[in-house]
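Chain lettering (A, B, C and D) follows the sequence in which the chains are written, and residue indices restart at 1 in each chain.
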Amino acid sequence: MGFLEFFYAKNITPGEAGNYTWATIYILVMFALASIAVMLMTWLERKIMAHMQIRLGPMRVGPHGLLQPIADAVKLLLKEDIVPTKADRIVYWLAPCAVMVIAFATYPIIPWGRAHAVTDVNIGVLFMLGVSSLGVLGIIMAGWASNSHYPLMGSLRSSAQMVSYEIAMGLAVVSAILMTSLQTGTGTLSMIGIVESQMAQKTWFVFNGWGLGFIAFVVFAIAMIAETNRAPFDLPEAESELVAGFHTEYSGFRWSLFFLAEYAAMIGVSAIAVTLWLGGWLRPFPNLLSGNTWDIAFGLFPALTFVVLGGVCIALAIKMPGIVQLRIQKFGMLAFGLLLFFIGVLFAVPGVRERVQDIYWFSLKIAIFMYLYIWYRATFPRYRFDQLMKVGWKVLLPTALGVLMGTALWGVLR
Amino acid sequence: MPDETKPNDPTSPEAAKPAEPKAEEKPAPPAPAEAKPAAPATPKPAAPAAAAKPPAPTAPAKPAVPTPQPWETELTARLKKKYGSGIRETSTYLGQNYLVVDRSLAHEILEILRDDEDFDYCVDVTAVHYPKKEEPFEIVWILYSFPNNMRVRVKTALPEGAEIPSVFDLWPTVDWLEREVFDMFGIKFTGHPGLKRILLPDEWKGHPLRKDYSILQQDKEWVQINLGIESGQ
Amino acid sequence: MSNFYEDIETKPAEKTFLDSSELILNMGPQHPSTHGVLRVILKLDGEKVLGTECVMGYLHRGVEKIAENRTYVQFNPYVDRMDYVAAVSNGLGYCLAVEKLLNTEAPPRAQYIRVIMTELNRIASHQVWLGTHALDIGALTPLFYTFRDREEILKIFEKYCGARLTTHAFRIGGTQYETYEGFEKDCLEFCDFFLPKCDEYEELLTTNRIWVERTKGVGVITGEECKALGVTGPVLRASGVRWDLRKAQPYSSYQDFDFEVPIGLNGDTFDRYIVRMQEMRQSVRIIRQAVEGLPEGPIMAKIPKVLKPPVGEVYVSIEAPKGELGYFIVSDGSTQPYRVRVRPPSFVNLQALDLMVRGRLVADVVAVIGTLDIVLGEIDR
Amino acid sequence: MSIAPLLRKIFLVDLLKGLSVTFRYQKPGEIITEQYPMERPAIAERYRGQPRLNVNPDTGETLCIACGLCALACPEKLITVQSERNPETKRKELTSFSYDTSRCMFCGLCEEACSTDALELTQDYEFALYERDGMVFNRQRLEKGPEPTVYAR
């Protein structure tokens, strides 16, 4: 019982408490949830982009294509594994693994709540930045090992791109970290520490420093798109130029690893942005609208969201035309709606409510980023390589430097 | 089904000479077709309605059989003065002007047309194969003048195996067009920077748009070697 | 002027110590953005293009040979299969050429119907171009919007002549089909529907900084180079030459309509984009005028059942969406053409690719292929 | 550079404009996808689809008079009409009619050539097959006309 009690009572991460059992459980759960999130993300991306493009997107596998990611996974697993004859086999084999491992390596320190991280690393942000920028290694390995022109060019583009945006990104992060030192005089690199510092300063860093925080945030938001090779900076895999870029020669499950890693990395860098500028797991207006009533009101949000989602699903199921062909889908949709509904109800239970809401707010903020990723992809054309470099070095880097100095100045003058 | 039409065997031979615009064998240089345009099908002789500028106001109701009319303008006069018998024919047919020139003069005349007469755009280069003729290939350059909004066709005849100077130096546009003519007819253009097949594979044997190349014919050997199938049909 | 080809050939690339050996990149024949089965062999220095060579013929069907073995009427459906995106324009060119050979003309009503159909087709063709061009540059979404609007045109085609893509809409001497009930209404409704959508495409692209950066100054070609290379159509007009066969040598009663020929100034990809966008709007104008002025009368000229054009040859060209589409037909007096030569605009325009991309980046090759608006069915014939 | 374009550039107005377009289109009402087997497109009356040899609805006799005009008109020469002269009525009677849909390009020339409206290109477009065998339609198949496919799980 003490086992559960720890989870329920303590407000520190298992890593801090030195509880290995819980740390392991956390890692496993996080890995599982991240995989589910990635799968959901692929579905959402296809769905949202389809709607932006006046299409329906996947509709056949499961109700509204809900089971499409699973079908895709099965398909990819069953596909023939093709290795080019002249490929460097070991590196070719290692590349997707490396990309995948690196993408998921950032997850343990993402603070989904005060207690909902595997551990609190005192150099958290540094670790995040370092590990996420390692992803380029896997891409270069893939491009090199394929022994083909398109992947090679894709990986070259990717390495140049990631290295250049890394700098702007780092500078933007530094300006946020500067802000953490305002209250206490000593800044922190710990992910949890940064959020707590925002709590202490009674503001999200994005609104801090007369707009400087916002500019830094925008710089980071742009750089992180480039960092994850997403549109409009998706040159390494520009399908109209390089077919599929660094993973042109990959197929089947290996390819799907790249795919998963891409989404995992997206969630990872979004988590950094959320932590640094958007108040991490903090609910909106924790100071302004404090008090018991507001706590309960905001605490009910997760429950409400799930109930509403469930309701939408049930409504959709009822609205589905009653054709024989759609009967299974209809029941599936209904069941899914009910499941969401019950999850919602469960989240309203007082004990669960408090534990869940941190995770909920953090996830919601990440979800907004994910939506933006998709939205950008549906809207923007792709930059050319030299223009990408120009944006990185001539626009983002000076801006980030300026913001950094501005923040320092602002911190002194304040 | 008649795969092979008989090109130089029109229904009535006496009609052929004046009506045929391609009159290479004519010995007398400027011999435009004005004599006896007796057409085989319709007995009505040609109305002079056809001789007009490009947007030709032809009579739509009753189609008279048109014949090539002599084309006399300052341009042709200048050319004839300079080249005399080198210009074999200057005619206009259905409002479309054309010159038949000696093949040794073709490049020179085209150059003059480009430089002095403002035909700054070479629309097309193509060829027609008349296997029955002594000089079986006819090369056609279709020129257009942007300043004068005027088209002219320059034609010349070519015997089998003969080469013709490329006009790539005049209009770079003929690069691929000449390659296509070479591909389809086997006519060689001297001075072309990279004369090789364009639409067919490089190793293909035969030139498909020649009249002796049946529509069902193909390079069986190439198909067998490169596609690994018995026949492409 | 004539030797700019050699200029480029002989101009040595600036050598630096960073230069490495050349990379040969095979773009196509299976490549997402070569618009079919075009193979472009790129000689690269890193990302910089040192030279290109196009390899074509993967789609060669011998259309010109087929023509020699079909009657004049029978060959008509085949021309639709050359530039299948603008099938109606192909049909119009062929019909006009054979009519010229027969020394006849379609009746006014047929001419007006032809104008309406051809202009609708021009819009459809430009929409396919816009969608795929935007897709090449990385904007995924305009493709769907343009195809949605093209669908409306295809519906009109389907209702009018029973086919959507390879329409076979016109016959020699006029048109086979009388307009269906509600044809005028459909066309006008499309015009009203289309203009706001056109603005929407522009909202997505024209001012977008990425789009502008990707297209401005890319693939520049001057008017003189265009003329020397025989490049026609919107590419020529974007280089500042106000030349449109519909104005220069009007056919099919284009002289009746009031429209403008939009031109560009810089001859770059952005200008070509603007010119084509404006052309779509002008097409709408023409359609409106043609529908409102649609005369009554027969739709078929009196032509014999078996066509035997007199001996002779004609060259007739029209302004297809991609440029000057010409038909050079030689008749020997029989029922079958002795020789049909198609002057394909895409084929000639594609020659400019090398000039336009030399010294630029790989990404520009994609943009330039898109902006040339090629259709491989027409190039390979 | 004047101030307005500069500001517009800094505040990413051009990008936001584009974003607003895609955002607006997310409404489910804008979707134009047809879920094909469940939703059928409306086929125009003049659509040129699967060929059919019409019979007189009253008598069940074929309308074809075996004149062979369709076979002549066909650019692909894929129609063969065979007939024999009935000694009693002294009229040609259709014995066999074959139509190779695998080579057909649905140009409609045969339909136009038919003087009795016997050969017709119908509105049916669902006659794809898994093998080439059934693609040459014989007289029975042509007279039977289109068989709309029924989709079921």
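Assume a contact is a pair of C-beta atoms (placed from the backbone, for glycine too) under 8 Å apart; a residue touches a chain by one contact, two chains touch by 3 or more.
Only a predicted model underlies this, so the values are computations on that prediction, with no experimental measurement involved.
Colleague: Does B-C or A-C have the larger number of C-beta pairs in contact?
Modeller: B-C
Colleague: Could you please state the distance in Å, as a whole number, between where the Cα atoms of chain B are centred and where those of chain C are centred?
Modeller: Here the centre of chain C sits 25 Å away from the centre of chain B.
Colleague: Could you work out how far the Cα centre of chain A sits from that of chain C, in whole Å?
Modeller: 45
Colleague: With chain centres defined as C-alpha means, what is the inter-centre distance between chain A and chain D in Å?
Modeller: 48
Colleague: Could you grab the centroid distance between chain A and chain B? Build each centroid from C-alpha atoms only and quote it in angstrom.
Modeller: 67
Colleague: Which parts of chain C, given as residue numbers and ranges, touch two or more other chains?
Modeller: In chain C, residues 141, 145, 148, 204-205, 208, 210 touch at least two other chains, as defined above.
Colleague: Residues touching two or more other chains, restricted to chain D: which are they?
Modeller: Answer for chain D, listing residues that touch two or more other chains: 15, 18, 21-22, 25, 32.
Colleague: Going by the contact rule already set, what residues in chain B reach two or more other chains?
Modeller: 1
Colleague: If you connect every pair of chains that touch, what shape comes out? Choose line, ring, star, complete or other.
Modeller: Its topology fits none of the listed shapes; call it other.
Colleague: Hey, which residues of chain C end up touching chain B in the complex?
Modeller: 2-5, 56-57, 60, 62, 64-66, 68-69, 100-107, 227-231, 241, 243, 248-251, 255, 301-303, 308, 310-315, 317, 324, 326, 328, 330, 332-334, 336, 338-339, 341, 343, 347-348, 350-351, 380-381
Colleague: Can you check the complex and tell me which residues of chain C touch chain A?
Modeller: 23-26, 31-33, 47, 134-141, 143-145, 148, 204-205, 208, 210-211, 213-214, 361-366
Colleague: What part of chain C is in contact with chain D in the complex they form?
Modeller: Residues 70, 73-78, 81, 141, 145, 148, 151, 155, 158-163, 166, 168, 176-177, 180, 200, 203-205, 207-210.
Colleague: Could you list, by residue number, the parts of chain D that touch chain C in their complex?
Modeller: Residues 9, 13-15, 17-18, 21-22, 25, 32, 43-48, 73-75, 105-109, 112, 121.
Colleague: Could you list, by residue number, the parts of chain D that touch chain A in their complex?
Modeller: It comes out as residues 15, 18-19, 21-23, 25-26, 28, 30-33, 35, 37-38, 151-153.
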